[in-house]
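Could you have a look at this structure, given as C-alpha cells, before my questions?
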Amino acid sequence: MTAQGAGMTFGVEDVSVTFGDTTALRGVTVEVPAGTVVAVVGGDGAGKTTLLRTLVREVIPDAGSVSAPAKAELGFLPASSGCWAALTVAQNLDFAAGAYGLTGVERDERRTELLAAADLTAAADRLASQLSGGMRRKLGFLMAIVHGPRLVVLDEPSTGVDPVSRIDLWRLIAQEAASGAAVVMSTTYLDEAERAGHLVVLDGGEVLVQGSYDEVRGSFVGTVTRAPTPVRDQWSWRRGHDRHEYWPDDDAPADREVVAPDLEDIVIASSLARRLAGAHA
Amino acid sequence: MSAALQAEGVTRRFGHFTAVSDVSMEVGQGEVVGLLGANGAGKTTLMRMLLGLLPVSGGAVTMLGGPPNRERRRRVGYVPQNLGLYRDLTLADNLDFVSETYGMPVTSLPDDLLPYAKVLVGAMPLGAQRQAAFVAALSHGPELVLLDEPTSGVDALARARRWDTIRAQSDEGVGVLVTTHYMQEAQQCDRLLLMSHGELVAQGSEDDVVGGTRALSVRTDDWSATFAALNAAGVPVILDGRAVRVADTDPARVREILAAAGIDGTIEPVPATIEERMLVLARA
Amino acid sequence: MIVKEFRELLRDRRTLGLLVGLPLILLVIFGYAANFYVDHVSAAVVGPQAEHVAASLPDLFEVETVDADATEADARDLLRDDEVDVAVVTGGATPTALIDGSNLFAAQTILGAVNATGGKIEPEVLYNPDLTTAWVMVPAIIGLILTFIGTIVTSIGLVREREAGTLEQLAVMPIKPGTVILGKIAPYFLLAAIDMIVVTVLGMLLFDVPFNGNVLVFALGAAIFLFAVLGIGVFISTISQTAGQAIQSAFFVLLPQILLSGMIFPLDAMAAGVRWIGYILPLTYFTKISQGVMLRGAGIDSLWPSFVVLTVMAVVIFTAATLRFRRDLAPERKARA
C-alpha cells in the first residue's frame, strides 16, 4: 500500500473504441488519481464496462492513450462473479494471492486480515456458490486487492447487491482509497456516485459530465422545473407524483416551480440534451 | 374489495427457522408500495406467499378479494428479477406466448421497442429487456402488479420512463408492489415497507422508515485519516464525498476517536438515510 | 406451450443437429459400415510348397506374399507386424495356417474357411487362441475411455470457467496464457493416465487379456493419444458457451469414433465411402497400437506409422486448440464486434 501523496494518476486520455459497427467509446478522458474513488455512472450500453476494460488493457483502443500499472499492481473485479464457485472463500483468496506471488505466512496473514475487514471470517470455509450476491461481490473485491494494487478497477461491484452489503462494500472501497490506491468503479446507483470524490457520467460512449459532485452541480446549465404535467413531454420525466422538466436555455415559463437539481436530475437532463440535441427551438 | 393485496399476520417457518414472522401489510388499489430489506430479511419468501406460490404457516393472504389461486393470478402481473422472458426467442415470439397463455389479443409494441420485434430477447440491451418484460406482464390488463427489482442496472432516464409506466398503471387503479435495493426507487413509492430478519420493522413514509436513526457528518482536512481512524474503531462509517458519515454513534465517542488520532474537525448531526437504518438493523 | 417450445428448439442449432443430423449419420454408417462379414483377407504363404499351396487357397484368401525361402519364424513376424491376416506355413505334413487372433472377424472368417477344407490345412490361432471378444475389445476400450475423458470431461471443465465469467479474472491476473492452459489440462491428463492404468489392469485381471508387448511403447502411444484427445477437448471448450453445448459437441465427436474406429465393425469390411472417416479418427490408430502391443507384442518397428499419424494429429489439434484458447485470454482487438 503506497503512502498518500506518493501515488500516480492513472486513467485514459481521448480514448475511442469501436467493435465492428458499434462505437463503444468516443474521445473519453478520465483521470483516476491516487487516494481517490472515481465513480463512473451510466446505464447499460453507456460504455462503462468498455471503459474499465480498456483501462485494464483487456481492450485495445482505436485511438487515445491508457495509463495503467502493470498487471502485478493492478486489481480488477469484473462485472460477472469474479470468483470460482466450486472453491471455498478461503481457497478463492489463496488462489488470487498465489497468482500475485503471495505465499506462505504472508499469504495467510493477508487472508485473515482481509476476511476480517470484509466480515467474511465466519464464511471462510463456505463454497463461493453458496454465498449471497453481496458476499460474493465482497469476496471478488478482496481478490482484487489482495496484493495491494496501486490501481483498483471495479465493474459494477454493487449492482444487484442488497443495501447493507453495499454499505459494507463501500466501506472496503473507501478504505482502499484511504490507503492511497487509485480506485475507479462503475455503478448505476446515483447515490454511490454522489458519495464518490469524483464522478464521471457516461452516455452512449461519451462523457456527459465529470468532476466532484459540487463541480458537476456548479457546471450544470439550464433550469429544472417540477409540475404535475409538463409543457414539453419529451423534455420531462417522472419523479414521484410529479414530472420534472428540463429547460436547457433557462426559458422556463415564470409560473413553473423551479427545483434545485440533484444528481438524478442532472444525469437525466444531460442525457435528454444529448439525445434531443438540435431538436429544440 | 378494498385492498388489491393484503397480508394478515402472515408467518412462514421452515423447520425451526422462521423466515417470515407475523407480517401484516396491504397494497391498496392505485397505490405503489415499496418493499425493502437486506438479504435474508424475508422479502422473497413473503412475495412468494403473496403470489400463492408458497403456503403460509400462519395468517392469511388475500389477493383481489380472495385467497391466491390460479384464477386470481390471471388478473395479476408479475415481473421477476430475471424478467421471465425467454432469452432464446424473439420479442414478438415472447409476446405471442404471453397473449396465448392469458387468452388475450397480442399487445402492440410501444415505439421504443418496435425495432426489437424480431430480435432475440437475449440480444437486446438491458433497458429494452426490462421494458419488454413490463409490456409482457401488463399486456393482459392486470389489477395487481408485483415487480421484483424492476430497474436494476438501468440508467436514470430509462428508470424514469419505467416509472412512468408504473405510475400510469397505478393512476388507473392498479395496485403495485415493488421490491427494490435502490433508494432512489424507494423514493418513487407512495408507501414503504421495511423488513428485517423476517419481521416488518417499519412502514409508511421515508421518515417513518428511517425512524429515530441518528447520523453525523464529520468534516476534516484529511478525510482518509479520519475514515481510517473511525473504521479501525469499529464505528459504522460511510464515505460521503470528502466528508465521513457515521451512523448510530454518540458525537462524544466520535470526538474521542478523532482526538486520539490527532485529527481536528467538525461534527454535525444530519438526517439519516434508509440505508443507515438498515445498517443499524443488520448490526443489531 | 408447444409453439414456444418448437420456436426455442428451432433456434438451438446444436440440439437440432443432434436430433436430425445424428439419426441420418447413424443410418448411413450402419448401412455402409456395419459389416461383420469379411469377404477377403490378406495372406502370406511361406515354405517349400508355397507356390502350390497358394494356388489352391480359397478365394477368400488374397495372397500378397509367396516366399518359398521364408520360414515359420518369418511368417510369425509378418503376423505380429500386422502385415497379413493369415500366414500359411508349408513344409510339414499338412500346411498350417497361422491366424491373427487380434483381428477378430477376419480370424473367425479364416477359421471357418480353413475348417471347411476338411483337414487339408491345419489352423492355429495366434495371440487370441480362443478368439475371445474381450481380448480384442479391452485394448480398444482403453482408448475409448481416454477419448471420453479427453473430450467430454476436459471440455466441460474449461467451459465452466467461461460460464462463470472467471476467465476474465484470469486474463487480468499476471498469469501467462501458457500457464493457464497447462494448469487446466494437467489434472485431466493425470486423471486419464490413472484411469487408463486401472482399466488396463482390470481388463487383464478380469478377462485374462495378455500384455505381450513393451509397456513403454504402450505408454508412449497412450501419451500421444491423450494429447490428441485433450486437444479436442480444449478445442470444443473454445467453441462452446455452456456445458450443455460442450457435451453435445463432444458427443458428435465421440460417436463416430466408437462406430468407425474399427472397434466394433472391422475397418476392412466397411464400404470405402465410409472407411475414410475411420482413417482420420485418432482412436483408430491408438486401437492399432494397443491391440498390437497387448495381443501381438508388436513393437515400434511395425507400429511406427500409427505413431507418426497420432503425433501429427496431436500436434495439429493441440496447436489449433491452444491458439483459440489464447485468444480468449488475450486483449480484444477492434476487429471483433
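A, B and C are the chain letters, set down in written order, and residue numbers restart from 1 in every chain.
What we mean here is this: contacts are C-beta pairs under 8 Å (C-beta built on N, C-alpha and C of every residue); 3 or more make two chains touch, one makes a residue touch a chain.
For clarity, every value in this text was computed on a predicted model and none was experimentally measured.
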Chain centres computed over CA atoms; the one at greatest distance from chain C is chain B
Chain with Cα centroid nearest the overall Cα mean is chain A
Of A-C and A-B, the pair joined by more C-beta contact pairs is A-B
What is the distance, in whole Å, between the centres of chain B and chain C, each centre taken as the mean of its C-alpha atoms? 59
What whole-number Å value describes the gap between the mean CA coordinates of chain A and chain C? 54
Rounded to the nearest whole Å, what is the centre-to-centre distance of chain A and chain B, using the mean of the C-alpha atoms as each centre? 22
Which chain B residues sit where two or more other chains touch them? none
Provide the residue numbers of chain A that touch chain B in the complex, in ascending order. 4, 35, 37, 42-46, 132-134, 156, 159-167, 170-171, 173-175, 177-180, 188-191, 194-197, 203, 212-214, 237-241, 264, 267-268, 271-272
Given the complex with chain C, which residues does chain B contribute to the contact? 86, 88-89, 93, 96-97, 100, 120
What residues of chain A sit close enough to touch chain C in their complex? 17-22, 53, 56-60, 62, 70-72, 74, 76, 78-86, 96, 99-100, 143
Once bound in the complex, which stretches of chain B touch chain A? 36-40, 125-127, 149, 152-158, 160-161, 163-164, 167, 181-184, 187-188, 223-225, 227-228, 231, 236-242, 274-275, 278-279, 282
In the complex formed with chain A, which residues of chain C make contact? 160, 164-166, 168-169, 171-175, 331-337
